[in-house]
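One structure is given here, and the rest of the page talks about it.
Chains: A, B, C and D, in written order; residue numbering restarts at 1 for each.
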Amino acid sequence: MHDACGVVGISLNETANGAAKSIYYSLYALQHRGQEAAGISVHDGKSIRTHRAMGLVSEVFDDAQIALLRGHVGIGHVRYATSGRSCIENSQPLLVKYKDGAIATAHNGNLVNSTQLREQLEEAGDIFYSTSDTEVIAHLFVKELLHYDLPEAARALMRKIVGSYSLVFLWGDTVLALRDPLGIKPLCIGEIDSGFMVASESVAIDTLNGKLVRDVKPGELIVIRNGEMKSYQLARSTRPAHCIFEYIYFARPDSIMDGRLIYDVRVNIGSNLAREHPACADTVTPIPDSGITLAVGYHQHSGISYRECLMKNRYIGRTFIMPDQNMRETAVRLKMNTIRPNIEGHKLILVDDSIVRGTTSRRIVNMVRKAGAQEVHVRIGSPPILAPCYLGIDMASRDELIAAHKTVAGVEAVIEADSLGYVSHEGLVDAVGIPKENLCMGCLTGLYPVPIPGEKCLAEQTRLSEYLD
Amino acid sequence: MHDACGVVGISLNETANGAAKSIYYSLYALQHRGQEAAGISVHDGKSIRTHRAMGLVSEVFDDAQIALLRGHVGIGHVRYATSGRSCIENSQPLLVKYKDGAIATAHNGNLVNSTQLREQLEEAGDIFYSTSDTEVIAHLFVKELLHYDLPEAARALMRKIVGSYSLVFLWGDTVLALRDPLGIKPLCIGEIDSGFMVASESVAIDTLNGKLVRDVKPGELIVIRNGEMKSYQLARSTRPAHCIFEYIYFARPDSIMDGRLIYDVRVNIGSNLAREHPACADTVTPIPDSGITLAVGYHQHSGISYRECLMKNRYIGRTFIMPDQNMRETAVRLKMNTIRPNIEGHKLILVDDSIVRGTTSRRIVNMVRKAGAQEVHVRIGSPPILAPCYLGIDMASRDELIAAHKTVAGVEAVIEADSLGYVSHEGLVDAVGIPKENLCMGCLTGLYPVPIPGEKCLAEQTRLSEYLD
Amino acid sequence: MHDACGVVGISLNETANGAAKSIYYSLYALQHRGQEAAGISVHDGKSIRTHRAMGLVSEVFDDAQIALLRGHVGIGHVRYATSGRSCIENSQPLLVKYKDGAIATAHNGNLVNSTQLREQLEEAGDIFYSTSDTEVIAHLFVKELLHYDLPEAARALMRKIVGSYSLVFLWGDTVLALRDPLGIKPLCIGEIDSGFMVASESVAIDTLNGKLVRDVKPGELIVIRNGEMKSYQLARSTRPAHCIFEYIYFARPDSIMDGRLIYDVRVNIGSNLAREHPACADTVTPIPDSGITLAVGYHQHSGISYRECLMKNRYIGRTFIMPDQNMRETAVRLKMNTIRPNIEGHKLILVDDSIVRGTTSRRIVNMVRKAGAQEVHVRIGSPPILAPCYLGIDMASRDELIAAHKTVAGVEAVIEADSLGYVSHEGLVDAVGIPKENLCMGCLTGLYPVPIPGEKCLAEQTRLSEYLD
Amino acid sequence: MHDACGVVGISLNETANGAAKSIYYSLYALQHRGQEAAGISVHDGKSIRTHRAMGLVSEVFDDAQIALLRGHVGIGHVRYATSGRSCIENSQPLLVKYKDGAIATAHNGNLVNSTQLREQLEEAGDIFYSTSDTEVIAHLFVKELLHYDLPEAARALMRKIVGSYSLVFLWGDTVLALRDPLGIKPLCIGEIDSGFMVASESVAIDTLNGKLVRDVKPGELIVIRNGEMKSYQLARSTRPAHCIFEYIYFARPDSIMDGRLIYDVRVNIGSNLAREHPACADTVTPIPDSGITLAVGYHQHSGISYRECLMKNRYIGRTFIMPDQNMRETAVRLKMNTIRPNIEGHKLILVDDSIVRGTTSRRIVNMVRKAGAQEVHVRIGSPPILAPCYLGIDMASRDELIAAHKTVAGVEAVIEADSLGYVSHEGLVDAVGIPKENLCMGCLTGLYPVPIPGEKCLAEQTRLSEYLD
């Protein structure tokens, strides 16, 4: 399961310099949101310069590259993509030129009406270079900018695109930030030395020693020029739909998102999980890294000892040679090793954030059994994933989702656990501390906050967005 | 503080193949012992082939390279080195050719009489290509092999070299493993599918799904040919001198070393630290990653809540651009970010493995104070480091070691902690579970197990080694 | 002085395979037309795959890349560009997606109304990703393809674009080749094993052991699908305007272009130069490599001995470190060394293809004088370059062209030659063997075959093109 | 057929700087002598620093590398090697450290008693890291330097090593140059701005705008320190034995070697070839590049027209993908293309420097026949190669040499020429202008200037060297 992207935009006052280096460090802080490609666009006073390539931030940029990216304003992007679409053409920021200038786009999220919009544009003769919905957004926005001034154009864009989007644009020397009316994906504002920034997560602001001002509001447009910031509330929804999985899994624990510290949310989830699914065991242990904070919460509530039983190896690089078929066992052990004495003869509570296909869970359960675990009780920090995500997370198709086809007892049998417990919807929502109505829980319920072709969409689940003048 | 190296040797029976791939995975499991260079030598039935280069295991080798390294027997090495000596000439295995054949050498440890030995060899006309003591070892061993058969030659070598050494040789198609008479650096034996292996740590054996047989004994020579193993006890000491810092810091927590699980040792240290240096605080938190297990132990004994307050960023690559002077704050935050709500208003117990110069500790104390910590009590899982290590760890010179010049109160003042507590010698030894007399604690006492020029060496501290026939 | 590009298109019958490899070898044969970037697009039965990157053909592609480019049909491109525009975005083939499919474009030439066309398209809302006129062509062609069937669409495209263009398209699984109505840049057709190909020069056909069928006619569209070829004469001009500099300098001597072997043309030029500008000297010597065949011609007509006096070093790679200011002399000598005894005391006739700025000529004249030349008579295989090229050659601006501002006597003085002779317009045209009216000699006359903004354009010089149904 | 290596040494006076950059440009001028690996060693005032790697000079070094190689004195090497021995360990300069310091060695040539010397050294316990005879030389030289002062040590070295050697050493901050007593491989001295240099060929001196002083004499030791040069004549032979193939093929035409301009020698050879082997033909044409100057000479003497019929493609890089078996014809055409109209219906004299196996000659003869040649007369600028070279040229084994097993008529039949003529021994020697007795013509006669195990060695052919005090 993977998140799509991280975005950042920085505008310093005119006398400052070196936006590129600050963007570089911000992207580094957002690297967990995408390790496939990275890119930076800056405006150097005359035009926009972009450098983007496949790889980690530290691989894509070196001193010389950063030095070439002169200017006091710019945006950046880190990207994840499945292998099929993995190519330089799909990396971002996407720079386009049009009648009145140039605009670079960085996007986190996913449109659900991208295909229709693209067909309409193609019908009208538009030409595309990639398969990304970011290119669709760039086309639509440019068309509006040709007819309207800035807030109007952005509003017109919002009326057309449906889905999740936290967008950062570099429009000439101006940074724009636009968050969808439901606020599905995160986006926040920071104040830094001699300017402002926007970023997917507050950790990017921390890295630059800045101050988190607030989240960009759902439906809000932020305009930053020469280190000054303006806000336009372009749309308002009956209620927001913040992505629940940012809290469970994606965001860094040290980020603050829509007012909640991710770390606290995860401890709470673990705690509620312990309350709802106790187990007679002597050891609480996480599947690293994503299960760690959940396991701490489980331990705190249950009083059962917290012990590390699995060690993760951190050195698998992009060119790592994976084992052949006849070295299957090795494949698992390369990523994770057991600390046998903490396992042998123990009754374990194994805490993880989610179960997607069930194969990894089964392998790990088997590995700890081989290491001598007496009992293995699996506890999961999310309810069963019943449906695909259409709004920015590359989970899996419905066919592949084990919980879409099996009961909890069925999953328990497949992963060969002694017991299996998922946190309840209520327990999860309580832990997050945001009313259920204000969250997107599509993957857990099959009910999405926007109409999705081929999916049920109860009227009461769908948010209505009103566009404001 | 850095360890020197990791070594591995694998000998499969003649019909098996692909030693190189198994060595590759073993080195990957030992990557934490050295990230600067990696190398593999194999015997392909006729001669020894070596590939070694600067970089991580995953960067140095690709499928094509591994395919070229045919054979059922070989050795490998990962290396750390300070920048001054960082070059391909110093990487290993070191392959030399002589009258009767060829021998490749991989070494973990440090000789204390390397300079004298080298001068003697140079005096006799020997020529060297690098500045490493590994080359000195290779020269001496070859000279003995010209005159004696195998066990005698190895014994003669041991008589000459003084210091720490866990050596793995590829001698024609035979793997040799030799551990110094005091057993200073670790080395263990594993049984794997169709053969045997030796490695610095047992995690390498786990990765290949093998079984830890036992440690190589101090003063023992292990000979593996065609998947069969023989042992020769060449020397015996009054008592061993296992490196204490392998337990405190270097080894992976999931390794078993001289009969102790590293994880358990570290929990025990944390527990003893809590007993010896309690603090009136509400939060126990580690400096990641090395403080984590120690903090778990402190928490278990004290009952004070365990919370993560510092997040480590894992994506700094080799080509990462470090910030300029005017971005000092950023430099700290790039590696570590605070989880402010877990800190603000809290009284923290900050647990780390050691204090070398004190500068990093001070920066972190300041960072958590800025994040709102009410009190900061620093607890260290080792006694003060008073003296340099001459036996394989690149710590710092005596001038740089803060505890060589200041009392605990002085260090406390420098790092600006509210209180500072080091685990006692007794607490540490108790946690390791090995008698004090059988450990090397030179860096903590200034008393070394072998005579070191310019250092005090109390007779009762120095071990006498008897060479056996 | 540099040419812009080389293009190739290959369509094998459906049962054949490996178009990519044949394109690879063709591009290699065309490498002299552009060393900055290379790319290949193939249709794999379903969609178009492209790989393009900066570098030589042998650097851009390896076995793995070629293996990924499956299919029996494809196109390729090699590119030169001045440093300012040197980036991956401007490399080709350029792949675009539109309503009815995808089309990849490879272009050799230059449009003179690109800016206006682009402005019109931008006015209508079109968006661009690069600054190349190739993107303008792709946009226009797609728009026509949405409304017309193939020959009509191509004809409509031709009506709009003005300038030089030898275009190769991959349109689904069909290769299209289109040459401008004046036939400015070369393009020829070859028959190869199991298919047809088009290429900038016939040497590409030779490399694949194919047979040169004929040139693509000015105004002709060639359509190749499944190894079958069709022709559509879309436009006819009063007379063609073949680029004179292809004959003088750009094309490989072993190419046959519009019926003339380049080698013969150059020998003829040299011969006419000898007739027009004899000199009392004992040695004819070329400035390698472009002066070689011209010098052979001069020698044959004059009977004066041919001797090599200058040796060219062939190993300057892309990363070659150029000398500092204080090593000026070295800079010249790195590329060219004198064979002193062939020079010392001799009266030389130094033959080169053209003089652009005059700086290189002066340096070489000085170098041979320093080597002891008694007299240096410079003979040039083109008339003076008086005006810039707008049709595909990156020469220099009018300000930089020495002959735009100086008489022949003036140039002679600047380059410090004992005498200077340019071949006459008549001598050149006679050597080429194509009537003056059928050549583009814009850079030699300032009169261009198409109207160019800011340049004089005598009616009688401009060709009228009639578009045929 | 390939030459082994190129060497260079440069010593500037102490106040000068940047020896590395001058060595870089010198190596570039010598690149034709070896394209496999390159290296530079400099002395930075304290110690010797080396950088060497596989690849062309322009690939091995960049600005940063050169900047790290500080100092006013250093040596360099370019290397060719057959694939078997192609590895970084065998590249040069070879740096060794010993009792009194360090010495870097760069070697062009080949010892014939390397195996015996190595066995003797190994017998005495010496250890080797590579299979090169350069390492043997370094060992021997160091051993002598331990006992004798400089000239004595060099003389003692010369007494031991037998074969061809042009050696350049960096011994501390001193450059040494040593040429074998027979002067088999070339080595010359140049005076440059603020210092002296030695190099394999004079073109390296030209590149630095220096002045060729003279050749290093056979048996001479040159010592350069702080820009001052001393000479020691250590050995004197009855007569020298300059390698004949340097004149025929290896050296650059613009080099002056032992007083002869290579270009002149080759014109003379061509001229003598025309005299000895006239042919009734209308066209003289070279096989590029090595046949060019020979063909010019043939043309001048015969009066038959010189025309280029074959074009060489210059862009095959190290990673070029060679064609599969089913593209055989393409393989030839990738390197060489025919200029058909210069061939069709013509009677050709095809001039090349030598025939080794005969396969390439046959392919080219066939190619020009296919292009319509009426007759093909092959003329070769060397006598038949009857025997292998043991003194520095990697030709082929005796089994592979076609002329070792066939008469001229037999070779003519194999290569399918209408006639075949080799220059005679007398014609060749006359062209070189050096008495036959002073040349090494081992490959043409089977009689070598030094005793070679397994080869006949007539007493009168072997030179006696007297070592002088």
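Please note the rule applied: contacts are C-beta pairs under 8 Å (C-beta built on N, C-alpha and C of every residue); 3 or more make two chains touch, one makes a residue touch a chain.
Here is each chain with its UniProt name: A, B, C, D = Amidophosphoribosyltransferase.
None of these values were measured; they are calculated from a predicted model.
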Intersection of contact sets, chain B vs chain C, gives A, D
Length of the shortest touching-chain route, chain B through to chain D: 1
With centres defined as the mean C-alpha position, give me the chain C-chain D separation in Å. 38
Gap in Å, rounded to a whole number, between the CA centres of chain D and chain A: 62
Could you work out how far the Cα centre of chain A sits from that of chain C, in whole Å? 49
Counting only residues that touch at least two other chains, what does the list for chain C look like? none
Which pairs of chains touch each other? A-B, A-C, B-D, C-D
Where on chain A does chain C make contact in their complex? 88, 95-99, 119, 122-123, 125-131, 138-139, 142-143, 146
In the complex, chain C touches chain D at residues 21, 24-25, 28-29, 31-32, 35, 56-59, 61-63, 66, 203, 206-209, 252-254, 256, 261, 263-264, 292-293, 296, 300, 305-308, 311, 313-321, 323, 327, 329-330, 333-334, 337-342
